[in-house]
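Heads up, the next two complexes both have chain A, just with different partners, chain B and then chain C.
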Partner chain A sequence: MSGDHTDATIARRVRRLETLLEEKGLVTGEKVDEVIDAFLAESSPANGARVVARAWTDEAFKSRLLRDGTAAVRELGYMDGSYQRLRVVENTATTHNVIVCTLCSCYPLRLLGPSPSWYKSEAYRSRVVREPRAVLAEFGVELPPGTQVTVWDSSAESRYMVLPRRPEGTAGMSEEELAGLVTRNALIGTAVV
Partner chain B sequence: MTDRFPPGTRVRTFHHDPPHHTRLPRYARGKRGVVVEPEGPDELPDISARGSGDAPVEQIYAVRFEARDLWGEGDHHVVLDLWESYLEEDLAEDSEDDLAEDLEDDLADDLGGTADER
Partner chain C sequence: MARINDVGGTQGFGAIDTSDDTEPFHADWEARVVGLFNTLRGQGVFNTNEFRDAIESMPPAEYLAASYYERWFTAIRVLLERKGVIEPGELDD
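Take a look at the complex of A and B:
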């Protein structure tokens, strides 16, 4: 369960299985590429950023988002057909949330796109549950003393996304402009906006 | 399905090291935590990973742990999603142990806060 699966047995098995399926005429390589491309085209941190911008500008949506993330993001057309449950955790003046998958690399891919390589590294996975403040400081996140830090370890079928705090001085900005401020790392909790 | 562990229940995770796949990370074994809320039922991965198709469906709970219970130090929380059979109710007497009271106080604060905010 390390971060690099390139030479893993499972990768060889998948390649062999794909070859067999192609040889038997059950699926073509082009079709597999097409499905993967379509999936990735719909998966980007811009999705998560749009969800955050909507929550920042629509209190009722924010309430629904925090109560039932899956249903709320489906209103915006995300996570259709997914069996996973989305839970959005809100950063406030006194709380900071950060997500991880210590067992492997679970990640809200549909809302954040493919995960960064550091998210899958053993260093991040093992350290952030143990010393989140030190890890966050290395990402440049300095939290005021007394901030309650919660680390969400995605050990089952729920996926987590952080709702960052809306920055000061953004009162006049449009939803689209606000979405432009939200970074992938802010959605993971390793950055603030 | 009635949940065996309502929110606020103090639980303890199993302590053994199974010879098969499990989703209870080693660092959280034999540890005390508090149920935040149910996450929805799913097949038990310890069985379903064998591919035999007869895995029981169990409730999964978000369980919050204090860093000092997991690592002996730290002031943060870690929340894990754990299948019901990974947990047992923690009935330990801990009148001399301030930890449980701290956990309950924190949880009451959290629940109070979330009720307002959500």
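Take a look at the complex of A and C:
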């Protein structure tokens, strides 16, 4: 979206803001570094994949996860102290779920990692609620006719994560191997596993 | 009246670039913006709701022309000016 010139301008302004805030004693470069590192370290789709693999292998956990997502993921150490509510929505043979934040970019960061650019784009946000099947097809997701598609629109307080269907032929796989099959897009609903 | 960010269901935004970008940031300044946002919010300089409001209050043309993290930068600047932390124009070239 931004050309090089714009990028150089904004980069210079951000640097100036940081310098100004350092002079005013509000931030230090080290503190900002730490905050960025912590953000990147704790947010990963591997976390969501681990939750999914647990649900695929532990029926009791899965029913807790679908009943109260926030409480269930806290069992695995995620979303502690968060004010947000997580609702996990399950794909089945007849239903497919996909998440969006039409207003901005709300997203369960901790479980899915930093969101892709397309998730934050006006094109995705405007279209997926209007023509979800067409959007899913653009992502290569072809659903059997008759599949019910539900689009979940996030808010500041309510976040969603998709529980994908466990693929056929994975009966002998360990929880860790199963987690390795789960992609970020599958947790959003723009891919299947 | 709906604000410009309320795009759900509107038409005309074109195709989705579905490329699977896994990089959290596309330039170093984007990371600094996120770091500054989290630091300032953590210190109570502003809260999340004020921040969202500042993004959603952007003039439509400016909102649509800005990239995602440019909007974040604009919101931070607006809030810091409103709260008297920086002077209006202090960041301009």
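Please note the rule applied: the second predicted complex is superposed on the first by the 169 of 193 C-alpha atoms of A that agree within 3 Å, B and C clash if a C-alpha of one lies under 4 Å from a C-alpha of the other, contacts with A are read in each partner's own complex, and residues count from 1 in each chain.
In the analysis below, contacts are C-beta pairs under 8 Å (C-beta built on N, C-alpha and C of every residue); 3 or more make two chains touch, one makes a residue touch a chain.
Since the model is a prediction, treat every value here as computed from it, not as a measurement.
A count of residues in chain A touched by chain B and by chain C gives the higher number to C.
In the superposed model, A:V14 lies in contact with chain C only, and not with chain B. Of the two partner chains, chain B is the only one touched by A:R67; chain C is not. In the superposed model, A:R133 lies in contact with chain B only, and not with chain C. Residue contacts after overlaying the shared chain place A:E157 against chain B, while chain C stays out of touching range. After overlaying the two complexes on the shared chain, residue contacts for A:V149 are found with chain B alone; chain C is out of touch.
Legend: residue contacts after superposition of the two complexes on their common chain; A:E42 is shown touching neither chain B nor chain C.
In the superposed model, A:R85 makes contact with chain B only, not with chain C.
Counting contacts by the rule stated earlier, residues 102-103, 129-130, 153, 156 of chain A appear in both its interface with chain B and its interface with chain C. On chain C, the positions that touch chain A within their shared complex are 5-11, 13-22, 24-29, 31-36, 38-40, 42-43, 45, 48-49, 52, 55-56, 64, 67-68, 70, 73, 76-77, 80, 85-86, 90-91, 93. In the complex of the two chains, the chain A residues touching chain C come out as 1-2, 7, 9-18, 20-21, 24, 26-27, 31-33, 35-36, 39-40, 100, 102-105, 113-114, 116-118, 120-127, 129-130, 135, 138-139, 153, 156, 184-185, 190.
Within the complex formed with chain A, the chain B residues making contact are 23-25, 27, 39-40, 42, 60, 62, 64, 67, 70-71, 74-83, 114, 117-118.
Contact residues on chain A toward chain B in their complex (touch as defined above): 63, 66-67, 85, 87, 90, 92, 102-103, 129-133, 148-158.
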